[in-house]
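Note that chain A is present in both complexes that follow, paired respectively with chain B and with chain C.
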Partner chain A sequence: MTPPTATAPEPVAAPLIPPSSHRYADVIHRLEAGGSMLPDTPENLMQIIGIYKAYAVPMDFYWRDLLYIAEQVFLDPLPAFKYFPSQEYLDLPNSYAGDQSKLRIWRGGEKAHPELLEFMEKGETGKMSKLLHHLWHDRINMEFAEACMEAMLWHQGMGGRFYDYLDSDAYRANADRAIKAYFRGNPLMLGLYALFPEMFMEQVKKMSYYANLGLFWEVMAPVFFEMSDIYDEGGFKGVPDAMNFLVNGIFAVAGRPIYHHVYIKGECFEIIPKSAGFTWLYEAALPYVEAVFYRTAPFRGTKSYNAQAYQVPSDQADFHYGILYADVFPVGSAGIPPTLLMQDMLHFLPPYLEELYKQHKRGDEDKLIQLGITFQRSMYNVTSAVIQALRCALLYPLDDTDPEHLMANRRFFEAQMDRFLRPEARLPQIQTQDYR
Partner chain B sequence: MPPFTLLFLLIPPLLGVLLVQLVSAERPTLVRALAVVGPAVQLLLALLCWRLPTPALHLSWLPKLGLSFDLALDGLSLPLLLLTALITALAILASPADQSRPRLFHSLLLATNLGVAGAFLARNGLLFLFCFELVLIPTTLLVAIWGGANRASAAIRFIMYGAVSGLTLLAAVLSLGWYGTGGFNLSYASLAASALPPSAQGAILLLLLLAFGLKLPVFPLHGWQPLTYAEAPIPVVMMLGGVVSKLGAYGLLRFGVGFLPDAWTAWSPWIAAAGAISAVYGALNAIAQSDIRRLMAYSSLGHMGLLVLGLSAATPLSLQGAVAQMLAHGMIVALLFACVGLIERKTGTTAIPELSGLMNPLRGLPFTMGMLLLAMMAAAGIPGLAGFPAELLVFEGSWTTFPRATLVSLIASGFTAVYAIRLFNRVGFGRLDNDRADWTSTCWSERAPAMALTLLVIGAGLWPTALTGWSETESTDLAVRSQPFLSSAVPPPETLAASGSTLVAATLPATSELRTS
Partner chain C sequence: MANIIETAKGAGCFGTLLTAVEVAGLTGALESPGPFTVFAPVDDAFAALPPGTVQTLVDNVPQLARILKFHVLSGAYRREQLIEQPEWESLEGAPVAIRRADPFEVKNATVVSADIVCDNGIVHVIDRVILPG
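After this line comes the complex of A and B, so read on.
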């Protein structure tokens, strides 16, 4: 009951369209108000920013090594040292971050992140040679980055023109030149290429996806680093602020080129030239989100399935094993991609997240799962940014006064939320802090 | 060692009962720590008795009733006494840190230990009966007070079966005295020396089979077991399965094979059949269970069947195997229930359909499940673990006498793998329930009893003499009694028990005496 002395509340404008009757109506209304799928709470903000930072450090290695493999290792039939990027790639300045960048958008980025270099030197065990760190598996788990790349390669047609281009004559001609140059003076491999050209062509396509993902993450790593810095400076007021930073970042680099260059004996072979016109948003970001956040594959150990009993959809577009649907509890099982990523992030957690995890569930014992769930929350926020960016690009502003436009926005949001109606989706769980 | 040392074996649990009364019930962990001192000291004393010769103790108690306080240790009773002390200590440690009414709980566990230890030490039929009956009271109270939701019916059923068992044993012991050729003398030496008429032997053996068959239990006398094992607190089930059930096996060996050899030989095909049926019935029922406790109960019933098969054959090898099976089963079943107790304490249930994914490395109970897997493998007779040498000896020793029953039991033993894999597949693997998996992991102090048993199960598997060496002389002697034609063929073996001391058969007649009698 309002006390008699209370001041009258300010009049609230009547909504222009009726409320949604969707199962996720609350989330849709939040998106329509410029929010994220992730509720705006201080803990959520802390969790997602902390995990962005922990993700950015290994990501700084991922993108460098992905480009190293795509550009330098290329078709090496025995790529035993592909996870040992050369110093040149470790020192590679980021194209979009730091003062040295002509396209500077974000801070830092002159070289690999210092925390990454420190971890590469010492690891969990201590100082020893790179090879011993590698064999002891005390290193960044590049296998996770490769699993993401393979998801993109395998799912392929997810918008953009990249996939179609890989079958074009221009691409095949460029790839053919590169293959012949790479195996020049190697009659065995050239003979094999003559016998099985498609096998080699498939390998080059794979390398192109290495480059694609490397260029995608080259953008994302400094974004996440800067978000962490801004949070530490007290810059973000809530989850929507963090989401909007991502939306702005997406638009800032949306048109940057996606290409694949290979360096063979000092000569550059442009397998996918920048002039092909592939852009970061449509040829890398959106396919990545679709392939990795939504689809991926039912990893052994994380999902029990029986393809013969139709427990795995026959249509790849119906796959739903990405982080937005994943059961994070099996994290910790040896060798599976989710465990590899969580283990990578574990090394770079900010102190406030360490403290948070200690206070919940099994504390230090199940930190991998707790940070996995944090990662899930953070990726719902990234997906929200992508949804808002798409809405911004394709539809109408949120403050539009035309009810028809708002209804178009509504239909778009509802269509996006329909993808989370299946029981595996974790959208309902992340609405509360109890899910840890 | 003076004879009174044997008396000291019974004093630690008694002192333990008194000691825990001195501590406030508000400090259950301290009560638990003090309670464990009794069986720990008992274990040390028993080990001392193994290493140093300890003559039998004879104290007159009520001579008119034939009751005397005769205590002795031999290769049959010493290992079982060690097992009793060990399992009691571990059962006490396996009780929860916040045990309700801790003084009474631990006192009753110690009283159970006292009864079982007394029965193994006894060298007088009436004293054995006294101790045998003593066990029933604390165990019933433990089930009735601290049991699960159906504890009342479990306790009633347990005491009813126990009472029938006790009464029939009373009748059997008195009959042994009445029909004895040396007057009403219930000392083991006298009972062993008595030459009872075959008809009397048959009637008494029937009573003994009923009494000890109920205690083991064996099909079809097992009615109390699944419900009791499902309802009793875990430490109590560890005691019941680990040592109390061994009273039945020990009784059959000591009284049936030892004192009624003719009847035993005559009835042994039927006893072997009962063992084989128990093995099959227990294994098949275990496969069908949807609760881990009940599964373990039927598993235990099946393994008791193997033990009975070994006893029925009564060859030196099969009897040695039966004793080894008592020890191995005692450790394995205690380990199984220690693990089940940890699962129940953390998840709040033992219902198989409600559990899955417990092998989950971070949010499950992987350590406990690892020990459970090892225990199930041991129960299935996987080489390198305690169950293997015991079962191998039983099968090898029984094969020549009862090949069909042995074959059936072998197949039943194979079923252990079926329910073990089924249990593990459903409970260990699969998806961990995200909504319910909110329990804490087990700490080292909680794991300690199961870990100790795990080490023993592995140790006994790698060094089987620890199971078989104790009873080599005694089992040979007993087998010779039931199958005299073996006496000339079996040379006196070098045994673990004999190597440690002269504790061998102070009260049982030697082979040479038998030949002359």
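After this line comes the complex of A and C, so read on.
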């Protein structure tokens, strides 16, 4: 019998730069090795993909309704039916899914997802009219989507040129034309416009953010559906695979136009034309991540904040109420009302997540909390994808051999991790599996 | 001497860039007297972008033009002039950083061939598509 031949171990190259001494050095080294802020474990992969699926279904409603409000409801002074998008908008072909799409990267249909339509019909309570479902609050919570939009509107100036454009003469002239057309034949509203023009301008700006967020999420819904399908087919080997899928997606649609068109009596008014050159990456995705994942605002929920006692930062840049910092347990206290989103996602959990939650903590009793923490994990992974995409776009490849380049990457990663040094950040918690 | 477009055509490694410039309607501008400084990514630089990136831009002309204009400065500048200043305003509006003199690096791209003098400007060949931010 031939003895097994021992193979010499591969020589390990000395690292080109010294290790980081940052408090999150482990996470930084993982990012430098092409990983995510979320550790690569089979359970983390299962959790994040499962929640992407549960998020994608309500998101398919959010983007359609956001565009419906921006383009059709517009300045309706009593928008009681703004959460009832027309059939046209439920059938609106997704620009990035379906056979009509110019960019066929993600599979999936062009119209509203079947699970969404089924839920809209039956809800939790059973089949009844849309109005009864609405009044019973057995519906998709658009209030969550609006809170995200308001965070973007309120924080402003987070990169991109969208907000500056809203103060430009071109924008004001386009908005003025649309306001006058919308209220043609309505002397009361036109009179109010003459008296308080800025109030109307503010409303139009808000509508432009509805369009911005709608166009942003129109892309994310098919991306998340696709990730769920790939996982079901056994396609992702680990968390880094899932993150890299998102990185590629960010690049693929980076140049998607962000615009705001309004349809008044069948006529299209281009308040922000596509020719303004605004892009999905710079004017929607990056401001969204900053406003929604990091900042948002203290939510008026079950916990009160005392601004006089400096419980709320005086500087907007220090706001830290996004999902990356949220304490999910005291439901309703953490920035963007996570309770509403959790409720929306609860309806579309894949069976494997239902099973997982039953095995831990209080089982079905605290499913909203458990899925909220899963959502937090998944958004740390999305944020990792954004960080890696920015590194890729603005800095250097991870396998670069120039130490100066690697140090530039290092400084970038460390600066990103500095944002999680504040005590509210959940980055340390998501490093272990027992945070549920 | 040839202008910027003719020079790029002659080089044979700027097929994607020339197509993009044509689609964005910028060919005429780059044939005008200028002068301009162009950071010209080679074909391999575009090929290294994830799938779909270039297609989405080509499908959306104003957005494509914006990214291309980030690669152009108003005025003709050689390497020794560019390294005198940490950043230069691009035609897109965002600044282009000069990160290193030797090797010559513009943002996160390395200049593989500098100071190609044309009738209406100067071309610096870069190994990566540069993006604002």
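Keep this in mind: the second predicted complex is superposed on the first by the 419 of 436 C-alpha atoms of A that agree within 3 Å, B and C clash if a C-alpha of one lies under 4 Å from a C-alpha of the other, contacts with A are read in each partner's own complex, and residues count from 1 in each chain.
Please note the rule applied: a residue touches a chain if its C-beta (ideal position, glycine included) is under 8 Å from a C-beta of that chain, and two chains touch if they have at least 3 such contacts.
All of these numbers come straight from a predicted model, not from anything done at the bench.
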item	value
First (chain B), second (chain C), both or neither touched by A:251	second
First, second, both or neither for A:279, with chain B first and chain C second	second
Which of chain B and chain C A:366 touches, first, second, both or neither	first
Partner chain(s) touched by A:127 [first = chain B, second = chain C, both, neither]	neither
Touched partner set for A:265, first chain B, second chain C, both or neither	neither
Winner by number of chain A residues touched, once chain B and chain C are compared	C
Overlap of the chain B and chain C footprints on chain A, listed as residue numbers	none
Touching residues on chain B, where the partner in the complex is chain A	357, 360-363, 430-432, 434, 437-438, 440-441
Chain C - residues contacting chain A, complex	49-53, 55-57, 59-60, 62-67, 93, 100, 107-108, 131-133
Residues of chain A touching chain B in the complex	304, 327, 329-334, 361-362, 365-366, 368-369, 429
Of all residues in chain A, those that touch chain C in their complex	102-103, 105, 159, 161, 247-248, 251-257, 274-279, 282, 390, 393-396, 404-405
